[in-house]
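Order of writing sets the chain letters: A, B, C, D and E. Residues in each chain are counted from 1.
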Amino acid sequence: MTYDFNLGWLLNLVCYLPLIGALLTMFFIKKENSAAVKWFATLITGLDFIIAIPLWLLYQPDGAEFQFATVKQWIPSVGVQYIFGVDGFAILLILLTTLLGFISVYSSFTAVTEREKEYYIFLLLLQTGMLGVFCSLDFILFYVFWEVMLVPMYFLIGVWGGPRKLYAAIKFFLYTLVGSVLMLVGILALYFFNGSGLAAVGLAGLGNALTFEVPVLYEIASQIPPELQFWVFLAFFVGFAIKVPMFPFHTWLPDAHVEAPTAGSVILAGVLLKMGTYGFIRFSLPLLPDATVKAVWWVGVLAVIAIIYGALVAMAQKDMKKLVAYSSVSHMGFVMIGMFALNQAGLKGSILQMINHGISTGALFLLVGIVYERRHNRMIAEYGGLAKVMPLYATFFMIITMSSIGLPTLNGFIGEFTILIGVFHHSWVWALFAATGIVLGAGYMLWLYQRVFFGEITNEKNKGLTDLNLREQWTLIPLIILAFWIGLYPKPFFRLMEPTVDRVLARVQVAMPEETAADYVAAIAAPTHHDETVEE
Amino acid sequence: MDFIVSHFAQIVFYTLAVLTVAGGVGVIALRNPVHAALSLLWTFLMVAALFVLRHAEFLAAVQVLVYAGGIMVLFLFVIMLVNVRGLTPDTVYLSQLAPLAIVAGVLIGALLAVVFSLGVLAAGSHDATALQQVDGLVVGNTEAVGMVLYTKYLVPFEVVSVVLLVAMIGAIIFGRRDAALVRGAGEAER
Amino acid sequence: MPLAEFVPFLPEIFLAAAGFALLLVGIPLRPHGTRVVSALAVTSLAITAVLVLLVGRPTEGAFTILGEMLVIDQMAVFVKLLVLAASAISILMAAGYLERSGYGGGEFCSLVLYATVGMFVMVSGANLASMYVGLELMALSVYVLVGYFKLEVKSNEGAVKYFVLGALSSGILLYGISLVYGTTGTLDLQSIHDRLAAVPDNNLALLLGIVLVAFGMLFKVAAVPFHVWTPDAYEGAPTPVTAFMSVAPKAAAFAMFLRLFAGAFAPEVDYWRVVLWVASAATMIYGNIAALTQDNVKRMLAYSSIAHAGYALMGLVAANVMGTWSVLLYMLVYAFMNLGAFGFVILLESRGYTGEAITDYAGLARSHPAAAALMLWFMLALAGIPPTAGFMGKLYLFAAAVNGGYVVLTLIAVVMSAVSLYYYFRIVVQMYLRDEEAARPAEMHRDRWVEAMIALCAVATLVVGIYPTPVVQWLSALQLM
Amino acid sequence: MISATHYVVLSLVLLSLGVIGVMLRRNFITVLLSLELIFNAVNLNLIAFSFRLGDLAGQVLAIFVITVAAAEAAIGLGLIIALVRLKDTVALDEVDEMRG
Amino acid sequence: MKFYDLIWLVPLFPLLGAAFNGFVSNRRGLSKGVTHTVALLGSGLAWLWGWAAVIQWYLQEDIHHPYVVRVYEWITGGSVRILDGSLVDVTIDAAFQIDPLSAVMVGFVSFVGFLIHVYSVGYMHDESDRAYARYFSYLNLFMFSMLVLVLGSNLPVLFVGWEGVGLCSYLLIGFYFEKLWCASAGMKAFIVNRIGDFGFLLAIFAAFAVFGTVEYTDMFGAAAAHPEHYTTAATVIGLLLFVGAIGKSAQIPLYVWLPDAMAGPTPVSALIHAATMVTAGVYMVARCNIFYRISPTAMLVVAIIGGLTAVFSATIGLAQNDIKKVLAYSTVSQLGYMFLAAGVGAFIVAIFHVVTHAFFKACLFLGSGSVIHACGGEQDMRKMGGLRKYMPTTYWTFLAATIAIAGIVPFAGFFSKDEILAKAFAAGYGNLNDHGTVYALLWLLAVAGAFLTAFYMFRLVHMTFHGEFRGGEEAEHHLHESPRTMTLPLQILGVLSIVGGFIGFPGYLFGHPEWNKIEQFMEPILLPLGHGEHGAEHAQHVGLGLEFGLIVLSLAVAGFGIWLATRYYAGEKAFVMPRSLAERFPFAYKMLLNKYWVDELYDATVVSGTVGLARLLWDVDARVVDGAVNGTRHATVGSSFLSGIFDLRVVDGAVNLIAKIYDVASHQFRRLQVGFTQGYAMVMVFGAAVLLIVFLVSF
């Protein structure tokens, strides 16, 4: 039982509400009446978050794989369908998206002062695009949303960004576009292999009906010949790795983050990066098990590099936003390595870590944005001693810092811990290197905190800074609450993602030899290991 | 003598061919456009003769009338028109000779290489009579051509007439002096 | 032959007559009656459309008329309607422009109509002879149209270049036809196909003929290396003409290309495919990359249209059913998005050549938000970003190519379409992100007709992008030969 | 015995001459003349083949070619007139305002 | 009702207090009264409830079976395939465990903690209201974390407390964050600890990989059942754990943070950096004793590190003039003793020393605190002296604690330290795990350490309390005894450091082993190993005579130390001898004064190394990874782009490189468009030729 069509309209509503909001704003609200624009956008996004919550409550873990589904013919002659549907994993990301969407709108009231109407319209469009990506189960539909979402982001960076906005915007756009078009080729290859076949690699197809329906393609995953899997995996990899971003493809991230307006950075870090990892878990792993298992080593190494490299580079930054940006490279490295440990703990951890990263890094960008708004300067050297003038701000910043460096009882720890357990059972060497990321993480984050908040106030301009106002507090408090919630009682989140994890792993397992997991760690207790197994 | 008789066709063909080519060379070689035009006229006539050799009498006639009669006159007229303004460029050729020679060489080489494989042309009936017959009974080539032209090839024929109309319109548009339009007027408007 | 046989030929006859009538009507009331003439022209085009539908719609499968000179099938109907739409839109866009320029509209309209007749014959030609004359009719009309602003140096120059090169290419085409005729012994497409299908022939003369014909067609669709005329002709021609010739003749030429190569010469595909492969790749790369640094919008769109020809060629290279209809679909999509973009250029063109420099677009998002939004939409479409029709068109072309096994070609295409985004977005950047240095944003003409047409194109681009099903179903049903 | 091949060779020579002429001559008029050479080459082919095949289609097509050639000549000459009016020249290489 | 079923309330009270002070008092700036009432309530309730629970548990339950209270399922990480190939669920409960060890720890932690809260009320009274609230919320938060640490029933929960105390120590060291060096000290502490945690985390994963669980009872049960299977595993886990301990308990090579940690308020130093937090490492080692008992290697390493640290830091202590620095180094060295004890298998003794040390060291620190308080923040002993007559209470309590640490019978320190020495000797004597010689050497070190301890502690006392005041006139006027809230804890702790040792009275010397209450009580934490004795069981006793001999020896050593100190630093000839020594061995003196330049060494290597690497990589990122920048930049100068996008290219990329290529290509391509007709004809014909060639070649 793949689909459960119950309440399908709800999912569609969640996805398209922001679009409707954008259209209404476009046609019915005057450009001059900025207050109305702001509050309407806030209303829409808040409403969107609220109606997204039932998805979680009504989701049945032991029900159909994809629930709240809608399946309609779209372009029957080529087998393109309109398929919406979510599992726990997608629901988590949808909730994250809607929440961050709301927060980023709400946090922009004073940050954005010009061309406000367009700004909020773009934010709303962006949200529909992102939600669509998480909802669609037809490759073409997925691709459509995947691309659509680029455009508003491009404008958010390009119009409301910093000094090098044009450069950053086009770089972001081109980077991602190249990745995604390659992905498109991979999609087509799968599509034809399922159907008529591929003269390209001299492959006869399976002769099934031509379709882009992902769950159907899941069925044929095991029959796809390895070399085809390899190429398709490569195509997907480029597409997703650029979004994540994996180590060699990360260079667009600092520019985009630094130049983007605060809300843009929040969305970028909070949601857009997750699309890459989402793609891996939703498509690469289950569709191409063989290639995945073969790729494990390489991806693992890249991820380790990303973790350490990102952390070290972050340490050298002089610009707060850049620092946070590179820290995301490091954190997403954790997500990837956990994912490719290919066991439950690793996968669960990496999914949870996606959420955590969304919360922590999102909050960090908000926080940086708050001082930026006051001082219009992001240079760390400009600050120092803020703890004296902005105690509350300092407190929030401290909490988020701790969550980002993985202090127990906060969200970051749970993610990293689970990931590392999984990774350790895949390869203790990876775990060894990955764990250094925790030390370095503490290094750069605390150093940042030190330089920004401690010591005397050296810079005259900082003397007059005002502490957080109520609105700013309320943009942060939800995230902090979430951080503690996940840190103290992550069980609901884990439970929500369990079905997905099991299915994905079940689909990858076909390509995995038994016992693989054990061999890696055998090194530890090599001499005694075997007779022990004999005994038990 | 009997050699001439027995090889009459060859002799005639080669003679005409040489003359045609000579005319063609003249077209691209002669400095003065008028001379070039005249040598083109010469070529036309030779080609017409070759048509006759291939039992295309009607076509030969058309060639002479339309080309030699119509087009050449037009050309000469225009040349005169231009010449009085003394506009013949002083240098005749463009400088880029060398590469072009190469290109032409490559082109011709390739094509000739092809032509030698022409031995395997689709088998055809060699009876010229087919070119003079209308469903069985022999009439002249003219009638035969006319028959085909006005029945089977009616559509292209009509279209060609439209082509000529368009050409006329074009010529008028380009040739006509417009009182309404002063040079750059459009520019001023645009 | 019985008069009844002429009935399916009515649309062409009517158009030709209408063209002549317009000529006569146009002469007395030029240049002031331009709008009237245009209106008449569009009406006659509409009537023709009805006729085409009456003639073509009820038929299932193809049938030939008038001594197998013409064939009426769904493909012909589709392309004819497309061409009619394109011509109508260009005429409506041209009206105000011609009025302003002082050149009358009479000859313009009739020439567009004659060109349309030529294209009709091209797309439904069943015989090399008829196809050739159709082609020439179209070509000659367009030569004249390009040089229509005979007092503009650029216009004349464009015409001269286009004419000389066009004549050269049609000579080459003819030579190819003659070789094909000599080797297959017939001019009739169907029988050519049958003979080649009966005995797949590797006679070099025949193949050479086919390749030369391919050259001629490549020239008409402006593919590398026969693209050279395009930028200058497009830049020189009056903008409405550019809009027209970048769309309608291209569509017709592709239709003829399909009839010849996916139809008649299909049995020889393994021989000629390589030529088209190279041409397609080169065209995509050259068009996109050369467009990157163009600062004149018309010229940039010219290069972009070269690039699009390259994409469309992929369908021919793939030479499978999907390839065939995806080319036609792409022509449809391309027609609307390109016409839309050019309509925008027309609106912007004021004194001299201003409105053609890319910098003239700075700050338009401020002064004319709606227009800018539409232009953005067309740019996205041309770059192939969903949910525009441009994406759908590309999608099917890529699909066809991947299916045919031309992955490398597809990779080139996808990378190049990513590159293309860059130069399309240079305009967007000017409009949206460069407002600060827009000292005086270029003022736009208020021309209801053009605006209406732009809106129409936008809607079409949206609809086809969101719900292409009807078109796709119609197209995927048709087959040639 | 004179075969079609002979004619084809001859027409090839004419074709090449025409192409070279088009590429070499500065004078627009002589360029037009060279174009006419090309069309004649084609016609030679057609006639030769039609004789060889005993099929009239070739001849008919040749007629169309001649007519079209005439039409093109007319357009070309018109362009020359306009060009002369605009730039007082018939040299094609001076028509080079647009490039790049 | 069962207090011990609600054991989780013990940490909860201080947490609530912390939350209130942090978010209410601090924000609203409530009065000090409210603040410290809440804080004291928090810690006091924790203390009461803790003791109540422990006592009740002791009376009602069998102490041989740890009593585990599961609160809820915390982490449910799905299943993984562990070492032996079986699939195990990663399920980690938030659960607390009461057993003798945690009972002892809770007992003294909550108590000392409470005392120090009381003390702080006096010590911090002249801070601003907000700072006061902040301070107490941190302090409460620390109590929470520490209690979680000692009560947790599995390693991750322990880790929660572990990190929590780390955080609090970071916050409290950096309490005066306006002083940048304080903040830096805090950061140093946190990061150095992180390095330890790195080992700890890996240990947790390794343990999970081996046992498929991290619950104490299950883990240790399994290990004890089949010791011989787990030798390797135990070594790995044990060593990794010990890395964590090294960080937290400031052992070589990670001790450097502790002396700097003295930047925090003195009560904090007393509580966190002397009495409780730093002993967490010892606690953990004792908690996981099973691994060390299984793996001789691990145990040896522990012993060596401990012994070396004990002496090493003691030597540094000799030359310090900052009163708190001296105490800090003595703390480090005492911790060394504890690890030495653990290293010779005497885990209970280690804990015993933890407790006694908690008493006297807390007392010492609080005493120094009240001294500093009196001297108006002055910490340099050279500016003190003769304080005895100004602040008697402080003096006497301080003296008691000093004697205790010096190890004079019958003070608290004597019993624990002497037992450590005895065990060490026994280990060497009984050739424990065939490492007898090493252990013997370690014993010698320990004895030397005892001497040094006695010496520098009395040096401290003499320099501070005896002789004449050297702080100058006006400072002298301010000298005064500290307020009641401060002296009361001093007195309590003083008393404890006198009598506290008797809980560990070495009864067996008199044939009454049962007199050693603590050993009896904690006996259960040493699970009996399964078949196959690994030695290192309760240290085998050497003959009684020898035992007494050892006692005498250690007393003598201590006495000698005291005598020497008195001779050098008291009376009329004070400071003469040291100076001459310093002049005669200037290098040695400098070396000690500068703590062997270890900090400088680290700065030179680790710190700057990392930062340098970071900078380097950043360059790499900016230049290489992101493309052949400068090349492209210089090449692009004068590129004909109108659009601003590419003007903005500064430092960047692969992307830019490609873009540049396209740029060049574009301009090259455009040159094909020569402009005059025949040129185009040429291009066409050339192209046609190329295509023809391609065609013919492919034919």
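The working rule: contacts are C-beta pairs under 8 Å (C-beta built on N, C-alpha and C of every residue); 3 or more make two chains touch, one makes a residue touch a chain.
Please read these numbers as outputs of a predicted model, since none were measured by experiment.
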Which other chains touch subunit A while also touching subunit E? C
Label of the chain whose CA centroid is most distant from the centroid of subunit E: B
Central chain (by mean CA position): A
Between subunit A and subunit B, what's the gap in Å when you average each chain's C-alpha atoms? 70
State, to the nearest whole Å, the distance from the C-alpha centre of subunit C to the C-alpha centre of subunit D. 26
If you average the Cα atoms of subunit B and of subunit C to get two centres, how far apart are those centres in Å? 30
Whole-Å distance, C-alpha centre of subunit B to that of subunit D, is 6
If you look at subunit C, which of its residues touch at least two other chains? 129, 132-133, 136, 140, 143-144, 147, 150-151, 160-161, 164, 168, 182, 185, 204, 231-232, 429
Give me the residue numbers in subunit B that touch at least two other chains, ranges are fine. 94, 96, 100, 103-104, 107, 111, 113, 115, 118, 121-122, 124, 153, 156, 160, 163, 166-167, 170, 173-174, 183
Quick check: what residues of subunit A touch more than one other chain, meaning two or more? 166, 170, 174
Considering the complex alone, what residue numbers of subunit E touch subunit A? 22, 26-27, 72-86, 90, 130, 156, 159-160, 163-164, 167, 170, 174, 177-180, 183-184, 187, 190-191, 194-195, 197-198, 201-202, 205-206, 208-210, 226, 228-233, 236, 610-611, 613-615, 617-618, 621, 625-627, 643-646, 648-650, 652-655
Residue positions on subunit D within touch of subunit E in the complex are 19, 22-24, 31, 92-100
Contacts from subunit C onto subunit D in the complex sit at residues 128-129, 132-133, 136, 140, 143-144, 147, 150-151, 153-154, 156-161, 163-164, 167-168, 170-171, 174-175, 177-179, 181-182, 185-187, 231-232, 235-236, 294, 299
Touching subunit E in the complex: which residues of subunit A? 164, 166-167, 170-171, 174-175, 248, 251-252, 255, 309, 312-317, 343-349, 385, 387-388, 391-392, 395, 402, 407-409, 413-414, 417-418, 420-422, 424-425, 428, 431-432, 435-436, 438-440, 442-443, 446-447, 450, 453-456, 488-491, 494-495, 498, 501, 515, 517-518, 521-522, 524-529, 531-533, 535-536
Note: in the complex, subunit C contacts subunit E through residues 160-161, 164-165, 168-169, 172, 202, 204, 207, 211, 215, 219, 224-226, 228-229, 231-232, 271-272, 274-275, 278-279, 286, 289-293, 295, 358-359, 419, 426, 429-430, 434
